[in-house]
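Two complexes come next, and they have one chain in common, chain A, joined by chain B in the first and chain C in the second.
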Partner chain A sequence: MPMDALAPLASLSTLPRLAPLAPNESSAAAPAAGGTSGSGFGTLLNNILDGNRQANAAADAAVQDLATGEAQDLHTVSLAIAQAEVSFRLILELRNRLSDALQEVTRMQV
Partner chain B sequence: METRDSRLHILQQVMDAAALRHRVIAQNVANVNTPGYRRQEVVFEAEMARALAGTGGPAAVNVKPYVVVADGPERVDGNTVDLNREMNDLNKNFLLYEAAAQIITSRVTSLKAAIAGH
Partner chain C sequence: MSFNDLFSANSISGSGMTAESYRMEVIANNIANANSTRSANGGPFRRQDVVFAEVLGSATRGAPGPNFRGVQVVDRIEDPSELPRVFMPGHPDADAEGFVQMPNVQLPIEMVNLLTASRAYEANLRAAQTFRQMSEQALALLRG
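Right, the complex of A and B next:
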């Protein structure tokens, strides 16, 4: 039984080529530009930090309500506190992972 | 170095008030059969609300709870203690104390984690 010849993989030819390695000085300007622009890692961090700030403000307000007797139910207060703590834990863990990653990079053999 | 926290400061005052209220309730209950005894209670929450509204920063707030002689229906022997009411107040006060203690624990744990970094 005759076999068809294998067709060449069409998709392989359409793959884009890898970008050539950029010289080092162009990357020095990139972090400053990425930090201030509207998208990217800096914005992500800012959003998380802002979320923590809001959670902390809500927790403070809840504690004040508790102190002034305005808080009708305790679960609202403890939920606000727990939310603030969890959001802080997230930031702390992110920071630790980031510093671990940085150390990993500094140990890398070039 | 400043390690005081205004949020802990408020919670400390809440716990001070709750501890004092616990003693006052105990005294009321102990005197439930004393002729002519007037029940006492602790004033704190209203003072705290006034202090927080007056001076903007919660760090500046320093409210001391104080004991007043409360009004109430009088029995024939002149005693104004209502045991059911005291028990209700006692439970509420206990919950408040526990909640404040838990919040302080949570806050201090967070602070410790922030200092240690892990």
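Right, the complex of A and C next:
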């Protein structure tokens, strides 16, 4: 009895039904995201956030070097902080624009 | 091109400032040792100078050819010019005739070099500031 129940399940799982769905979806999303290979807007945003995280980590390391006395010169520290700040504000402005757009959409009359 | 390459002008100016501050260190060392008659190589101190080199990245960005990565200190050289001999018989480093070899550091020259290094540092600083202002103005485009 359990063997009979398992057999159709196994044959179902080997059916290549779900496999073509994923490529179809990504290929449909790729042109919408501006032709970046197989990445949606979310991954795009994640990449930018990752860049900001790197800049932030560099700034943190620079400040830590300054505090521990390992920093060789001041301008490296201030430049790292300035870069982190500018990149953060870029992301902040992007987020603000996005949420503004979203609010605009939610206010839309149907 | 990664996200942080948007701010590569920042790091280029930073490398310039690092190089110039190293040059300032070398000049300060020259001034400090203007009267040192003993050095690590034996003999009096010799005036030192720095050699800078352009740094290029491999990735192309917009224009063809390698992109810019700033400047780098590649070497510190010693000035081979003649050492002045001063008559100081009482000096412990004096030779048999009573002459002491002094460093070939000339303070006016060092002062001018210091001024040049300081101005070059300032120029790099101004470039970084201007880049930052430009980025902020570009960010203002996003503001509603």
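The rule is short, and it goes like this: the second predicted complex is superposed on the first by the 72 of 110 C-alpha atoms of A that agree within 3 Å, B and C clash if a C-alpha of one lies under 4 Å from a C-alpha of the other, contacts with A are read in each partner's own complex, and residues count from 1 in each chain.
Please note the rule applied: a residue touches a chain if its C-beta (ideal position, glycine included) is under 8 Å from a C-beta of that chain, and two chains touch if they have at least 3 such contacts.
This structure is a prediction, so every number in the text was calculated from the model and none was measured.
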Give one word, clash or fit, describing how chain B and chain C relate on chain A after superposing.
fit
After the superposition on A, what does A:96 contact: first (chain B), second (chain C), both or neither?
both
Have a look at where A:63 lands relative to chain B and chain C in the superposition and call it first, second, both or neither.
first
For A:82, select first, second, both or neither according to whether it touches chain B, chain C, the two together, or no partner.
both
Give one of first, second, both or neither to describe whether A:55 is in contact with chain B, with chain C, with both, or with none.
second
Which of chain B and chain C A:47 touches, first, second, both or neither:
second
Distance of closest approach, chain C and chain B, by C-alpha atoms in Å:
10
For chain A, which residues lie in the overlap of the chain B contacts and the chain C contacts?
82, 89, 96
Note which residues of chain B are touching chain A in the complex, please.
7, 10-11, 13-14, 45-46, 48-49, 52, 58, 95-96, 99-100, 102-103, 106-107, 109-110, 113-114, 117-118
Touch list for chain A against partner chain B, complex:
59-60, 63-64, 66-70, 74, 77-78, 81-82, 84-85, 88-89, 92, 95-96
Interfacial residue positions of chain A with respect to chain C in the complex
47-48, 50-52, 54-55, 72-73, 75-76, 79, 82-83, 86-87, 89-90, 93-94, 96-97, 100
Residues of chain C touching chain A in their complex?
2-4, 6-7, 10-11, 13-14, 17-18, 21, 125, 128, 132, 135-136, 139, 142-144
